[in-house]
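Next up, some structures in structure tokens.
Shared chain: chain A. Partners: chain B in the first complex, chain C in the second.
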Partner chain A sequence: MALDEQAPLAEREAARPARGGRWWTATRGLLTGRPETGALFGAAVMFVIFAFIAPSSDTFTSRIALSGLLSITAELGIVAMAVTLLMIAGHFDLSVGSVLGFSSFIVPYLMLEYGYSIWVAALIAVGVAISIGLINGMLVVTTRIPSFIVTLGTLLIWRGVLLGISGGEPAHVEQESILFKIFSYRIESGPFRGYQVSVLWFIGVMVVLTFVLLRTRFGNWIFASGGNERSARSMGVPADRVWLVLFVLTAIAAFLSGLIQVGRFNVVEATRGQGYELQAIAAAVIGGARLNGGYGSVVGAGLGALMIAMIQQGLVLSGIASYWLQVAVGALIIGAVIVNQVLGRSRPQI
Partner chain B sequence: MSTNGDRPLVEAKGIAKNFGRIEALRKVDFTLGRAEVLGLLGDNGAGKSTLIKILTGLFPPDKGEIQWEGETVHFHSPRDAYEKGVATVYQDLAIVDLMAIYRNVFLGREEAITKGLGPFRWIDRKKAHEQARKAISDIGIDIRDPEEALARMSGGERQSIAIARAAYFNPKLLILDEPTSALSLRQTERVLKSVDEARNKGISIIFITHNVYHVYPIADRFVILSHGESIAEFPKGKHSRDEVAELIVTGKEHARKLGYGTES
Partner chain C sequence: MSENHEPQDPDAAIEAALERAVSRRTLLRGAALGSAALATPALLAGCDVGGDDNGNKEAANTAAQAGTAKSGLTFYSVTHGESGNVFWAIYRNGIRDAEKKYGATVKDLPLENFAVGAYVDLLNQAIAAKPDGIYATILDQNAVDKPLRDAIASGIPVIAVNVPDTRPLAQRIPYMFYVGGDEEGGGRLTAQRQLKEGAVKHAVCIIHEPGHTGLEARCRGYTAELRKGGAKVDKLPSSKDATQATEQIKGFLQKNTDIDAIFGVGPQPATFALTALDELGKKGQVKVSAYDMTEDLLTEINGGNLVSTIDQQQYLQGYEPVHWLTLNIQHGFVLAPGVDMLTGPALVDKSNADKVAEGVKAGFR
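== the complex of A and B ==
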């Protein structure tokens, strides 16, 4: 375009040729406007593909398959959405998988070994999760060591502690409890028969975190702390406080997901949550989050989790060995980033 | 001097500041009237940034005093200075490129665009858009969409948006640190227009630069800083641009020849 780069925006815009007309402009605006757009289309396309290739006997779109898909999505998505807020604020939490395993293991462990009631055990476990989040946050904020390193350390530490106290043995929960019903009740009749209430938790977390990110002062601070820490600080944004809160949030989200899984499986293995840290980051990135912070979407991360769950479920139902899961997720991450970049042509290139 | 209050806004007298053995500022005097643009000129190392930091409350001077509307003031922190009405646009602009324009305008001051009760407050998007648009049009810039990321703006537009943000909260004094040093001539003109609009709102402006050609069209008066001293203070028109440029480079001796600093 032979337009002067310094001409006022309005002039530049007015002089831009109307390529493809209004409809295309509007569609393009929709496509490029939000970070999660790519994930939305990706999820839709993937769903159609799997629905088509999965054999008809145990089809991808059956009630049992869909409810399983949504359970996996909910458990990963809750963690991934919290991790996304932290990533937008410019930090990583690699310890979420270990925190998930450790804090949820505490519940049956305290009940079996010390005879605590399930409510007390769960309360203690929440406290433990919050403390772990605070430790992560304090270490990052006070030492200025990159969070990637700090939480890599705590990933190993808490997994190690879990292996130590469990001796590698799983802990079983025999008892039925209202607590488990609240988090992972499986609906027994009606139109939603077979689905788990964890899906509602997933949607609830998505709505609340999206609101916080896009419509509150704290959300503005999240974007600013990750987008440009120096600028944020000189405008009076308490970046350290933002990060502390978000590290606690990811730990709580990990516990919530862990508790849902306790209710679903009635057992916690010492390896529970292993690999979640990378899947959560994968979901965030697939959902449009920028690895360096300052940009991303809660809804996108939820869709990213859905896509990862679809691959898991779809490969199994298509009779493909689950070893290929990693290959597919790996390809998806790279593909998603490429698509997001293409869609993001009109987005800031930094 | 174009004063509309009874006293000048700022009078700095004998400001000095040492860092260990280094004399950053030896003796700086200047006066700033209301709704006046003061071009604060000096070469690199003349002490411009130290002076700004004193005026914005980052640290106190060792000697000398600042009078604010006729009263001696001590700024203990940037917050202090801000509450008196000092706003500063630093060279790095303190903006976040990935964020929407309106989010940048209200960054750190989100109270201005939130609604709700007690701790349950949320951003009123409609109000935020309107206010951001108004803040920016007040200094003579049109924006198409307040949701647009700053990274898509030109350097001049971003500088102007940073000025708009500072001017929006009705400061009495606006300090601009080298606002044009990284800009083309065309973009510089746009920034000067924004400065003019801010002055029309009644704001006094200290425009810091080493390039007299950038500030000359807009300034009402000039102060030249050299080796930590204010060596000359004069209204526009008294010296030509080229004379001022020479004064910045040649310093005190040259200023003496022109009749400055002889009385003290």
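== the complex of A and C ==
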């Protein structure tokens, strides 16, 4: 037992050679022992394969296909990266899909039913998302019920509230607004025609979260509270606070993705976000995150989302019926974990 | 439908309809936190009806003997239509109107969480109350087979609503008839309507819940009808997520540039197809049709972006069983064996979208 508890700590140290180090150490670490190495190679291989399979050569690498690929990646990736931090800290959030649906539904709903301006509605919706995250976190921290169970409950609750409020009917918002431009603008001319601004949000979130995880004390705490809670606490890591913050983070990320969709589609239907939680966890795992905490990568989760998006688009563009989509994603998850294990074993040990 | 109604003061009718529409929205919103609270009174009602039920029956017999129109009959509606669902709210409007019209009482037992076992329990509960008639969805024909056969054998007339027993007449549960839609027929009708807009060479049917029996049937009907004319028809199973579905559709349209017709088997895939076409700069170049009714779809039809959608007219599915059970009990009327009452598909296109929109606002559709 004692040995088991020590092992993840050693691995964590190995996984973060970049901490406080110079660039060359970071680069070497990236190639040999980073959790996202497998995902990086996987994504590259998959891209090449689909570029070849998709018959008329212009399809998979075309502007429309690439922009579509990145739109899917951005929204799923933002949620998956936040979920990954929580997984590294040792917890799950299964409620992100329901939170995405519920919090983004609130925006058009408040505008239609109560005549709020879009800014006020969005502000209230952020508040709701933060509160939901706090509730998840408080329940986990105070009751010590596993987060899997707590968030399974809140998944059902918030979806139920959404269905109840909406009566199953979609809510519309027909409005031009700067707010929507900020989150959902679609470039209409130039070399990046067709790309969504959500891609920039995705990159931004990736950079910030990676920095937090690898370069800050809070990042250390995330690894520590997921690796071994008891020793982390004994070293003065405020694990409860870390978890609270991360549950709020996943809820905000879910709202961000939801808001991006509101701006693009001008409508939120009551089923919005259903199944997103599993896609997000799949992306996190493909990206190298470990289910029992203490190990994982923000960049990896982003790449995991990219791979899921590539499979979706690739199958359509290759003319393979997407009835086979789930087979491919399922195989990818298992394959990725096996590869990550192999890479993990060959990682230099300190 | 209007000829079945007694002549009414039109203003009063509109007022009543508006009131109903408003109360429907309030009710739906109220259901948010109280679906358990809603279910409980329904169950309680189910239990204590046994008592006053006999009274009703006696009244009914007297009424039947006297040959008067007021029936006082009690029927049970047992469906998988959970409260808080728009589709079923309109079904219930049909029930309420028929109750008033025929002086009957309908006990509504909706299944709140989809589970076949729980549904059979609800059905048994209704049968145990010995009502004058039952109308039920044939959620699982094997599971409801015995209880319904027993009920029919004990003299309770039964009508199937919304979901039929799909077995051949000789094997199916001997209910009076089925009142509901025809999914495959809806697909065929959509294809025929699109062909009126012009020739179809290569079409795609987009299905957002692959494996859903009803949705697959819509696709099947559409595909069969178009293939008769030599068109190529593909099926695109799409994600439920808005972005993922839209990008899948865009990818498909990019790969198949000759697509000239799209059938989204529900409001969502059709709406996402319109977004995809818009973003590809192809809006208006492809014939797009949807299934089911939302105000948004009607707007798109009026705007010329959508060719058609299909209405199941589920108001009639709530209304007609009360009408026919009453006629059957009072006068022994039946339909010819094996004949069903199809309330759908009813085509909605530019020619009737405005009229239908009024119905949506008033809670009839």
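As a working rule, the second predicted complex is superposed on the first by the 312 of 350 C-alpha atoms of A that agree within 3 Å, B and C clash if a C-alpha of one lies under 4 Å from a C-alpha of the other, contacts with A are read in each partner's own complex, and residues count from 1 in each chain.
Assume contacts are C-beta pairs under 8 Å (C-beta built on N, C-alpha and C of every residue); 3 or more make two chains touch, one makes a residue touch a chain.
Fair warning: this is a prediction, and the values are worked out from it, not measured in the lab.
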Inquiry  = I'd like to know which partner A:Gln313 touches here: chain B for first, chain C for second, both or neither.
reply    = second
Task = Would you check which partner chain A:Ala232 touches, where first means chain B only, second means chain C only, and both and neither mean what they say?
result = first
Task = Between chain B and chain C, pick out the one touching the greater number of residues of chain A.
result = C
Ask   = Touching A:Ala224 in the superposition: chain B (first), chain C (second), both, neither?
value = first
Task = Once the structures are superposed on A, label A:Pro146 by its partner contacts, choosing first (chain B), second (chain C), both or neither.
result = neither
Inquiry  = Let me test your reading of the model: by the given contact rule, A:Tyr295 touches which partner, first (chain B), second (chain C), both or neither?
reply    = first
Query = Which chain A residues qualify as touching chain B in the complex?
reply = 4-6, 8-10, 13, 211, 214-217, 219-220, 223-224, 227-228, 230-232, 234-237, 290, 294-295, 346-350
Key: chain C residues within the chain A interface of the complex   = 25, 28-29, 31-33, 35, 84-87, 89, 210, 235-244, 246-248, 250-252, 254-255, 267-268, 271-272, 275, 279-280, 294, 296
Complex interface listing, chain B residues touching chain A = 90, 92-99, 103, 106-111, 114, 121-123, 125, 141-144, 149-154, 156-157, 184, 186-187, 190
Request  = Can you check the complex and tell me which residues of chain A touch chain C?
outcome  = 54, 56, 59, 62, 64-65, 68-69, 71-72, 75-76, 160-161, 163-170, 172, 186, 194, 260-261, 264-265, 267, 269, 271-276, 309, 312-313, 316-317, 319, 321-323, 325
